[in-house]
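All chains are identified by letter, namely A, B and C, in their written order; residue positions are counted from 1 within each chain.
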Amino acid sequence: MTAPLLVAAQPQASFVPDSAGGDFIQLRDVYKSYGEGLVVMDHLSLDMRADDRLVIIGPSGSGKSSLLRVMMGLESIQGGTINFQGQPYIDGNARNQGKPLDVRLQTQVGMVFQHYTLFPHLSVLSNLILAPMKVHGLSKAQATEKARIFLARLGLESKLNAYPSQLSGGQKQRVAIARALMLEPKLMLFDEVTSALDPEMVTEVQNVMMQLAEEKMAMIIVTHDMHFAKNIASRVVFCANGKVVEQGPPAQIFTQPKEPRTREFLEKVLHLG
Amino acid sequence: MQLDFWVVLSYWQVLAKGLALTLAFTVSCAVLGSVCGFLLSLLRLSKSPLIRIPTGLYVELFRGTPLLIQLFWIFFCLPVVFGISVPPYVSVVLALTLYMTAITSETFRGALKSIPSEQHDACTALGVASWNKVFYVIFPQALLRAVPPLLSNVVSLFKESALISSVGIADLMFVGQNISNSTARPVEFLSAVAVIYFLVAFPLTRLVGVIETRMLRRYAY
Amino acid sequence: MNYQFDFHFLTGNFGALWEGLKVTLQLALVSNVEGLILGFGLCLLTLSRWFFIRWPAQLFIEFFRCTPALLQIVWFFYCLPMLFNVFIDPITMGVLALGLNLTAFNAEAYRAGVQAVPREHLDACVALGLRPWQRTLYVILPQAVRTALPVLMTNGISILQQSALVAIVAVADLMYVGKSIATEAYRPLETYSLIALIYFALSLPIAQLVQWLERRQDTALAR
């Protein structure tokens, strides 16, 4: 599986390991609460570079999934701003309640979820070509050809006409990744995509994500799998109570965390595996 | 007291006619009611309270009152309200259809609600929005999920149709009661009628179960 | 529509309506008690290990679920006295018929509830040394009831509606009284509308309660 997954390779960018900065994505003072004192993002600030692979770790309810969902435009924020590729993307104080300001920017974000991602009543092929055809105006022939190429690179070409119910969990998630990639996004978001899989299927999905990383796809990953985080991340971000507590290269975070909160969390998590 | 079940056989033609009428009413009102129920469930998705409140009230009213009184009201009161004479068959079809409409609109609503929110999220993530999303993703799944409960509703309608005997329609129930009265053999004939209803309703109920497991497992997780 | 609404005649009939309402409530409440208790018992029978207990129980349920309620009521009223040479007063017979009908539907509701109890709980009972009847009473029953409660209540409302059917066999419930008044006073519109409203007023609060319960269960499950 060495053929490139991305239709066009991302431009090479210089990789400065210690810099926490970046102008690909800039979150400033982002505030999100569900009311009644349930604050999931508490004036959170974070930068990302175009070749970063951010892995966000932290206890439940620390705002990890919320961050992804906000970036995708699934949920709104009540305060702060988010810039994407140098342009204003989301403004918590704007009238549209903190949803993406520019739909074109939103279409450059792709997301893969933990559960029930694929459309169960459509075949794998239909799942892949629906959005390219209906939203981006590709013809059926063009979209089908593209889908074929993606599936072939994932080794799933034989499943073109199968239905999601006939696929294993790992195959479903790989198809879901392909479906998002069909739209040639600039940023991919992965929300615990292997958490619901049986252990033997986790590797196949993680391999796909590693390959995307090698092709320099910008990604933000939320995962519980610390071993995988160590392998794929260019930067690990530890969030707790809606704030970024600490961030840095995986080698540093996992072996020499600076903050006590980080140490506390890692001790609990890494102790088991 | 002598029970003689063979007597039932000599009346099979009358019973068959009654059954035919029951089935005719059931099928026609089921079809009409399902279509109208579907349209009604669409209306109930509207944001305007001017549409949502009357339609919601309609559904609650027809689910919260006995079908018998709905039947009597339409049968006896409608001609009075409109000042015209309404043929019995029309009243009965109207009553059963209005009832079925209310029930099926709830079925469709339930089916829509049962679609996991992740499906909506996936559409947002792919940029598939509004008309495309509804037509290609949401409604097909809602219709698929609605089929088993819809079939259950039809079986219920089949049973409830026995009420039309109370306004003189010669359905299976009416015929059975008539014969049992005239032959003074209620046990034989009422039991036979029960068996006939059972022989129709039971396989259909089993069919609902089969459809649920086979079809839904394949196309709706 | 030129029709003169006249509700005054109803004032004279309040007594009769009240009596009818009492009968309806009696039918609904007693058959509910019957259905709730016997339904659970019947459900346990259908889950029994022994074929000869399971199958008759299942057949009973299927028969009551696949035949019209009206037919069941008529059958009870005309066939029971004949078969067993007894006279039972109409209201008791109505309660019997409606109660058995509800028992069958509730048994199915309980079954779904029982099967929703995680197997791990049953295993835990064995590990803790609880005897089968203790397991049923203390672990299975509470959880099954909690799961099945919305359906049980919906079935309960349904029996309230079905109770109107006893009017056809001349039991003096609310429906029967309404029918008599409507025919005697030649005023079907006011009478039947009022009767419908009474049934509606009786079932609406319970229906709202069911909706509230289901919403609470949804949020509980989501957590």
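Assorted remarks:
Everything below uses one rule, namely that a residue touches a chain if its C-beta (ideal position, glycine included) is under 8 Å from a C-beta of that chain, and two chains touch if they have at least 3 such contacts.
All of these numbers come straight from a predicted model, not from anything done at the bench.
Ranking all chains by how far their C-alpha centres lie from the centre of chain C, first place goes to A. For the criterion of most C-beta pairs in contact, the winning chain pair is B-C. Chain B and chain C, compared by their mean Cα positions, are separated by 20 Å. Chain centres here are Cα means. That of chain A falls 47 Å from that of chain B.
Here the CA centre of chain A is 52 Å from the CA centre of chain C.
Of all residues in chain C, none touches 2 or more other chains. Chain B contributes residues 116, 118-119, 121-122, 124-129, 132, 136-137, 140-141, 144, 217-221 to its touches with chain A in the complex. For chain A in complex with chain B, the residues that touch the partner chain are 69, 72-74, 103, 106-107, 109-111, 113, 115-122, 130-131, 134-136, 163-165, 179-180, 183. Of all residues in chain C, those touching chain B in their complex are 1-3, 62-63, 65-72, 74-75, 78-79, 82-83, 85, 157, 160-165, 167-168, 175, 178-179, 182, 188-189, 192-193, 195-196, 199-200, 203-204, 207.
Against chain C, the residues of chain B that register as touching in their complex are 1, 60-61, 63-70, 72-73, 76-77, 80-83, 155, 159-163, 165-166, 173, 176-177, 180, 186-187, 190-191, 193-194, 197-198, 201-202, 205.
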